[in-house]
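Chain lettering (A, B and C) follows the sequence in which the chains are written, and residue indices restart at 1 in each chain.
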């Protein structure tokens, strides 16, 4: 009896001690979570079936690409530690690094093969298919080497592979028809946990990430369309970083010592498209006049929270933006002159604006105001997104003016393709000479020659002015001052949490 | 009795069928479809066509209709075009939020409405009575969403007692009920006004009745009288409560928008703008079915409460 | 002051201020001023400015014109629609009556706000579409009212006698039945108008009703939601107008209902 009791009490003491130790260890390791509020929502987390920026902003943390964009905007190795281009530019050889997928399988060449084949499969219906159309074959010559064969030189291919839609997926899951849209699996720094539609996405740090485990344990991305609510959450500490800051709030954030306002150039090209098919708008002088009539810097400042005006269809700060092309000066008198020259008077236009975009609607209202100063009246019609896509951007192109932003692309072909052929672009711009330039530019491998081709194209787009060029808005985001290491990918505007941590 | 029930079920099904057909046709009359929207700005016509094919939108209207109706009969509401998963899963995800909100609002309107109505009816002409009458009229006239704004301004922004946001990141949980209090109160107010009004009227009617006079003249303690009055007045209020519950489901649509709650309201609005036909159809079916059932129950309760109305 | 009078006075104030707004407050509700966005309350802008620097007060008044027009015309439409069809059903009787009654029963079985929402959404949104949707959604009540009144009148002795003597049914109905249910229709109508006002505001708030930049009470409130914390008066102001208008309708309806009850 005595002995049993003593051993029992000794055993229970041991247990208690062990429990205390374990408890303390667990207790000291408190989970660090970064909560981000973003305004838009992804439509899917499958990188190959969408073109929505919001989708790539979230999936950036889940997947990796063969090459990636670094903080300076240069394309550097990622899952492919190196690559070579053949002499004739018709094949690329990628050498893969060691990496693991979230489901435990190791990255090998077959994954890259399966991923690219899925992208090229017409059944996938990828909106980015055209960027990979030159690929005739993908082959795994060994476990760590992939050879991509092309039908013609494709200097833009590396840019496409560095973009969000170049994400590498696991081959076994591809074969089994896995639903990447709702259950994404990649090699990225964070593994998918859950997606509560209209509410949040939760991601857990992936300890085996090939670039080293992230410094926080969890990232929660919350969908908050309201910038005032985002700011509220940031101030109360509920959010650690927010992606939408209204211009009126910028001063408030800057004066708050616990918060930090970050201003970077975005990759967007904001434009007011002019439907050149319409008789009244066919004369380029009329369109140039519109450009002179609008004070784009003010529009950027009031509607978008600041930015840099552009003179042609390329984002400011892009290495492809020629120094020689200046934005149109705000000159209402010159605008009036041009309108008179072209014999355009008393124009009455129809401006269709996309309902979900508050800032585009605001910009449109400002443009309407500027145009009325030079005798051009524009009636605003707010259209639902579905209607905008099918009737304004597509279909019958039922509009005179509309306002939209074009997302950044790493290569000019991504932005300019189709803009010389009336049937392929929504302002209806048609220029056979420019079309020929674009064709040659997409295959030109000599960097200097290529640059000259695109400079010519952009000059033509300035002179022909199928757009009122508004500018490139600053991407302003705000974060807790204690949050370091979070950055937004140049040109692609996606969110990078890999080095994020709290000081 | 059975003939009555069968008749009711039949008209319920017919109504449902007509409604679904109208929604089916109406949604497709809108320009743009889910394929166009999913394709976005970068997809070309061919790719949109493939997406359309995959979503089952490529067939003729008649084919799509028979597929849809055939599915409904088997209890299959189809797949959400936007989320690529079964509509039933989507609805089940969002239903708890709306149910929680409607539930809280119902309880609040019950407590406030019956409470005020009782107090007012038992003391006619008093301050409480006048306040209740005024409150009832004002509450019914107030735009719900504006009232929601005021609550947010006062309690969330100025006093900071409540979050300005919808739900906490963890989703629906017990702590989330704090987040639901303001929206529930917004919803409850006009409904509690209706309940208060009716309760008051019922109590007044009871007070005038013979048995009360008899009880009083017999010297029964006032509290006992009150208990009798209340017990007799309340059944008359039940049908209204049932009706209120039915209306709450759709009443949440605007309030969910104001407070940023991811419930059924957000689902149907999102479904309309994304042209997600199955989701819109699914939410409609659910809302109509619940509404009709609850009205049914209200009618039954009415018959139970008032024997004069019993026809069977 | 009786409730009816108070309601009527309040309504008159609201109505006049919205109608006379261009004279009383000659500030363009669509005129932006980029230098003073989100400005607070001031002498120049009693309710401040919104995100484009537009004067909130004039937007509230202009919005009132739009919202009241929609609510009142929708009420007129719904009374006409329901009333006419109800009278027809009662007068003609038979299969027509059964069909119409079934149709309106089905309509009534539908949750009201959802019905209006779906109809407006499917018509693509807009002011006229809202009037139409509201008109259809509110008609069952008037159908029933009109029908029951018409039927009871038609059964009354003097009408039966007149018909036996050769007078036509429709004319008898119009001459005798109509005046009686005008009273109850007015009461119901005031209540309907109040409801329609709030529903239109809700629809515009959701983005389905009156499209921007035309102001209506609903969409002005929707715009102001975004800067509720920055410039609360942009939200509170228009809402006050809406509440006042709605309240006035309610008072009129309540007061008239009491009068009618007392009479019967």
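In the analysis below, a residue touches a chain if its C-beta (ideal position, glycine included) is under 8 Å from a C-beta of that chain, and two chains touch if they have at least 3 such contacts.
What you see is a predicted model; the values in this text were computed from it and never measured.
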| item | value |
| --- | --- |
| Topology of the chain contact graph, where touching chains are joined (line, ring, star, complete, other) | complete |
| From chain B, the most remote chain by mean C-alpha position | A |
| Chain A and chain C, separation of their C-alpha mean positions in angstrom | 46 |
| Distance from chain B to chain A - Cα centre to Cα centre, in angstrom | 40 |
| Separation of mean Cα positions, chain C and chain B [Å, integer] | 22 |
| Junction residues of chain C, two or more chains touched | 124, 225, 228-229 |
| Chain B: positions in contact with at least two other chains | 30-31, 157, 164 |
| Sequence positions of chain A contacting 2 or more other chains | 226, 228, 232, 384, 387 |
| Complex contact set, residues of chain B against chain A | 30-33, 36-44, 47-48, 50-51, 54, 82-85, 90, 93-94, 157, 160, 163-167, 169, 171, 260, 262, 266-267, 270, 273-275 |
| Of all residues in chain B, those that touch chain C in their complex | 11-12, 14-15, 18-19, 22-23, 26-27, 29-31, 137-138, 140-146, 149-150, 152-153, 157, 164, 246-247, 249-251, 253-254, 257-258, 268-269, 272, 280, 284, 287-288, 291-292, 295 |
| Touching residues on chain A, where the partner in the complex is chain C | 226-228, 231-232, 246, 248-249, 298, 302, 355, 358, 361-362, 365-366, 369, 380-382, 384, 387 |
| List of chain C residues in touch with chain B within their complex | 105-106, 109-114, 117-119, 121-122, 124, 194, 198, 201-202, 205-206, 217, 221, 225, 228-229, 232, 235-236, 239, 242-243, 246-247, 249-251, 254 |
| Footprint of chain A on chain C - complex, ascending | 32, 34, 37-38, 51-52, 124-125, 207, 211-213, 225-230 |
